[in-house]
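Paired with chain B in one complex and with chain C in the other, chain A is shared by the two complexes that follow.
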Partner chain A sequence: MDLAILGAGAVGRSVADLADDYGHRVVALADSTHAAVAEEGIEADAALGRKEAGDPLGSHEPEAVFDAPYDALVEATPTTLGDAEPGFSHVERALADDRHVVLANKGPVAERYDELRELEAASAGSVRFEATVGGAIPVLSTIEDCTPESVTAVRGVLNGTANFILTRMAAEGLDYDHVLAEAQDLGVAEADPTFDVDGTDAALKFVILANVLGGGGFSLADATVDGIQDVPGSALELASEDGRTIRLIGEATREGVRVGPRLVPENGALAVTGTRNIVQIETREAGSLHNSGRGAGGPETATAVLADVGRLD
Partner chain B sequence: MDLAILGAGAVGRSVADLADDYGHRVVALADSTHAAVAEEGIEADAALGRKEAGDPLGSHEPEAVFDAPYDALVEATPTTLGDAEPGFSHVERALADDRHVVLANKGPVAERYDELRELEAASAGSVRFEATVGGAIPVLSTIEDCTPESVTAVRGVLNGTANFILTRMAAEGLDYDHVLAEAQDLGVAEADPTFDVDGTDAALKFVILANVLGGGGFSLADATVDGIQDVPGSALELASEDGRTIRLIGEATREGVRVGPRLVPENGALAVTGTRNIVQIETREAGSLHNSGRGAGGPETATAVLADVGRLD
Partner chain C sequence: MADSVPDEEPGDAEPDGGVRAYTVRLELVDEPGELLRTLEPIADHGGNLLSIHHERGNITPRGHIPVEVDLECPPERFEEIVGALREAGINVIQAGADRYGEEVNVILVGHLVETDLSDTLSAIQGTDGLSVVDLSLAAPEGMDAVSSARVRLAVDAGRAESALETVREVAEGKDLSVVEPLLGGGE
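Up next is the complex of A and B:
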């Protein structure tokens, strides 16, 4: 397939890098200020090299990607809340042109799912978004294969930064501020870690899952969300004396979404360590399925994007 | 899709039972002696009720399923080794008629993979076999999504009976013969548990995985296989003193297949308990993915069969 990639952060860059291995061609790649466009396939290495060097990625306006002869738009611009712009408009434009859309941007599917499905219904293109939930971990495809109707709930850990912090606090007996600073030094936490530690990032993913299970109807405003900022080291010590630990656990059902710190068995499936993510998919016919892996990262998330591209008709 | 189901054991029955939930219709269902066939869809409940009561499932010869107007053959007859008959001939016949084939029977994909792929290449139908590896756990679809080329190895536990026995031996300090008898009472082990405890069943699954990774070339004869019959209770005790336990671990790479009892960390990912299965998929770009769940059972395996049907063109 011919891909147009919007967003040249870690995910967009990795998709451009790996597309060829999956038998696809990148005909356009844009960051927020420039685009490289070429009908016969752009030279992704060269374009990304220019960006790396501080030069424009390409000679076009970003909007030029929509004029490229692409089959599928890869929307990998940063997630925004509320109106989910400009991501939502990008998706709208591609669908209006009867092209497929593969999202790595969580905003449109978390905040405006119902509108998105309406636009998709009116388009010859379809929308896929495995990369928005759990990076390389096959979450949405597993639900699709079991059929969403037969899945009763999805629980788990879908924020690696929060999980890293809780893991380190428990293992080293360190307090939150100390471990957060360490995580920032390691590049595991961003300079502004708010959305990771206050539960917003995990909540967006569980909102997407609730939309998939229930056929829509949810946005971030419907989620009950608590973060990990106020978990004291002493709570982790107490938990440990009882063979348990604390994780930032989310849950999506047809009834709603909850995310917050929860006690879980120290050696149980949900107590993944470090930045690892896990989902536990409860099914009616097939018991409980656990999928775990790296929930973030450029190549990891790009793998999910390209798996979606492979599933387009 | 219209399905013809060969085999009316736990898996075939569950596929017949659940097909409607997935939007498919069963036009033929056969056990080893009789078949029910109806162009407008058979009454699966009634047919299975007759079988339950000791009466013929239907009024046709089993071969009559091939004359039904089916889109996909579900081959769910018992796995056989060597020539993998009669399963292989069933698959051959359906492909010769340009129909799709979904296998729950491991024989043809473990023992005659290359021939099967040749027959598929000459047919308008395609072959899928998620149900042959790990029941409801998405194993082959995860590899397909990452692309087989980017998967370097698959390891894990793919026999629930052996895992149950080792789990009980470790937890209760009981010996192999005692736990095996208990497992047989519980219906977890069959009257003749040979293929489960000697590693053959797990090896067949890892041979299938090696074929998927390497594009064919493997059969059971190429696997190095040890079973759990000779694992003494004392070995589990020694392992436990060191924070480890013993599991029947298989490994598939492009170089080959090995299955045998191995020491693993007691609280590590591979030490699943009871009849649970787990695979660890090592990828080049996306790290290590762990998928676990119920690796056997009628509805669990039928879920995988129907997921495959959903992925047919």
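Up next is the complex of A and C:
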């Protein structure tokens, strides 16, 4: 397939880098200011090299991407809340042109799912978004394989930064601020970790899951969200006295979405350590399935994008 | 003709995380080593001991000591544990969900002392079918700072969700936060 990639952050770059290995061709790649466009395929390495050197990635305006002869748009611009712009308009444009869309950007499917599905219904293109939930972990495709109707709930850990902080707090008996600073030094937490530690990032993913289970109807505003900022080391200590620990757990059902610090068995499946993610998919007839792995990262998320591209048609 | 291989019976347990809390009531002979003899079959069969109430002041007419053991284990192991206790000659008076339906652990976080912890607990306990069976307090930065308390509640069967609602309400009234267990999923 011929791909147009919007967004040249860690995910967009990795998709451009790996597309060839997966049998696809990148005909356009854009960041927020410039685009490289070539019908016969752009030279991704060269374009990314220019960007790295501080030069424009290509000689076109970003909008030129939509004029390229692409089959699928990879939307990998940063997630935005509320109107989910500019990501939503990008998707709208591609669907209006009857092209497929593969999202790594959570905004459109978390905040405007119903509108998105309407646009998709009117288009010859389709929308896929495996990469928006759990990075490399096949979550949505697992639900799709179970058929969403037979899945009753999805629970788990879908934010590696918060999980890393809680793991370190429990292991070292350190307080939140101390471990957060350490996580920032290690590059595990961003300079502004707000959305990771206040539960927003995890909530977006569970909202997407609730939309998939319930056929839409949810946005971030419908989620009950608590973060980990106020979990003291002493709470983790008490939990461990009792064979338990605390994790930032999300739950998505057809009734709603809830994210917050919860007590789970210390040796239970959901108590993954470090930046690892896990989802527990509860099914009506077949008990629970657990998928665990790397929930973030450029190449990890790019594999989910490219797997989606492979599922198109 | 090949023999058919019967499917494994999965039971209703999640072998990797689906542990549940149980209460076992025993009567022990008043002899050295009796308590230890009781705990071994529990541990040997994968039970995790949560607490032991050894009611020495409450000796039965036959001279036995009532002991209440709270443990957690996967549901399919529980019968094995009770069986092993009986096999070891231990007098099991009551086992399982007969007395307390469920146990629920919560952690309260905030200015617990300033907001009168014992009043908080009575407010929680004042609700039907809900009793505080255990409390553990951690205040590493002193009683004036933010502290944490682990509260173990015994609730009637099927009432865990409403018990948590009660805890949530009481905590909200005192500006405390609650770390709740994950019912249905991890517990």
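Quick note on the criterion: the second predicted complex is superposed on the first by the 313 of 313 C-alpha atoms of A that agree within 3 Å, B and C clash if a C-alpha of one lies under 4 Å from a C-alpha of the other, contacts with A are read in each partner's own complex, and residues count from 1 in each chain.
Here is the rule we use: contacts are C-beta pairs under 8 Å (C-beta built on N, C-alpha and C of every residue); 3 or more make two chains touch, one makes a residue touch a chain.
This one's a predicted model, so the numbers in the text were calculated from it and none came from an experiment.
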(message) By the touch definition at the top of the document, which applies to A:Cys146: first (chain B), second (chain C), both, or neither?
(response) first
(request) Look at A:Val264 in the shared chain and tell me whether it touches chain B only, chain C only, both, or neither; answer first, second, both or neither. (result) second
(request) Answer with first, second, both or neither: which of chain B and chain C does A:Leu18 touch in the superposed model? (result) first
(request) Please indicate which partner A:Gly287 is in contact with in the superposed arrangement: first for chain B, second for chain C, both, or neither. (result) both
(request) Examine A:Glu241 and indicate which partner it touches, taking first as chain B and second as chain C; both and neither are also allowed. (result) second
(request) For A:Gly233, select first, second, both or neither according to whether it touches chain B, chain C, the two together, or no partner. (result) second
(message) With both complexes overlaid on chain A, does A:Pro299 touch chain B (first), chain C (second), both or neither?
(response) first
(request) Report, in rising order, the residues of chain A that make contact with chain B in one complex and with chain C in the other. (result) 267, 269, 287-288, 290
(message) Which stretch or stretches of chain B touch chain A in the complex?
(response) 14, 18, 21-22, 135-138, 141-142, 144-147, 149-150, 267, 269, 283, 285-294, 297, 299-300, 302-304, 307, 310-311
(message) Quick check: in the complex, which residue numbers of chain A touch chain C?
(response) 153, 155, 226, 230-235, 237-239, 241-244, 246, 249, 251, 260-265, 267-271, 280, 282, 287-288, 290
(request) Sort out for me which residues of chain C touch chain A in the complex. (result) 10, 14, 16-17, 19, 48, 50, 72, 105-107, 109, 136, 138-140, 146-150, 152, 177, 179-182, 184-187
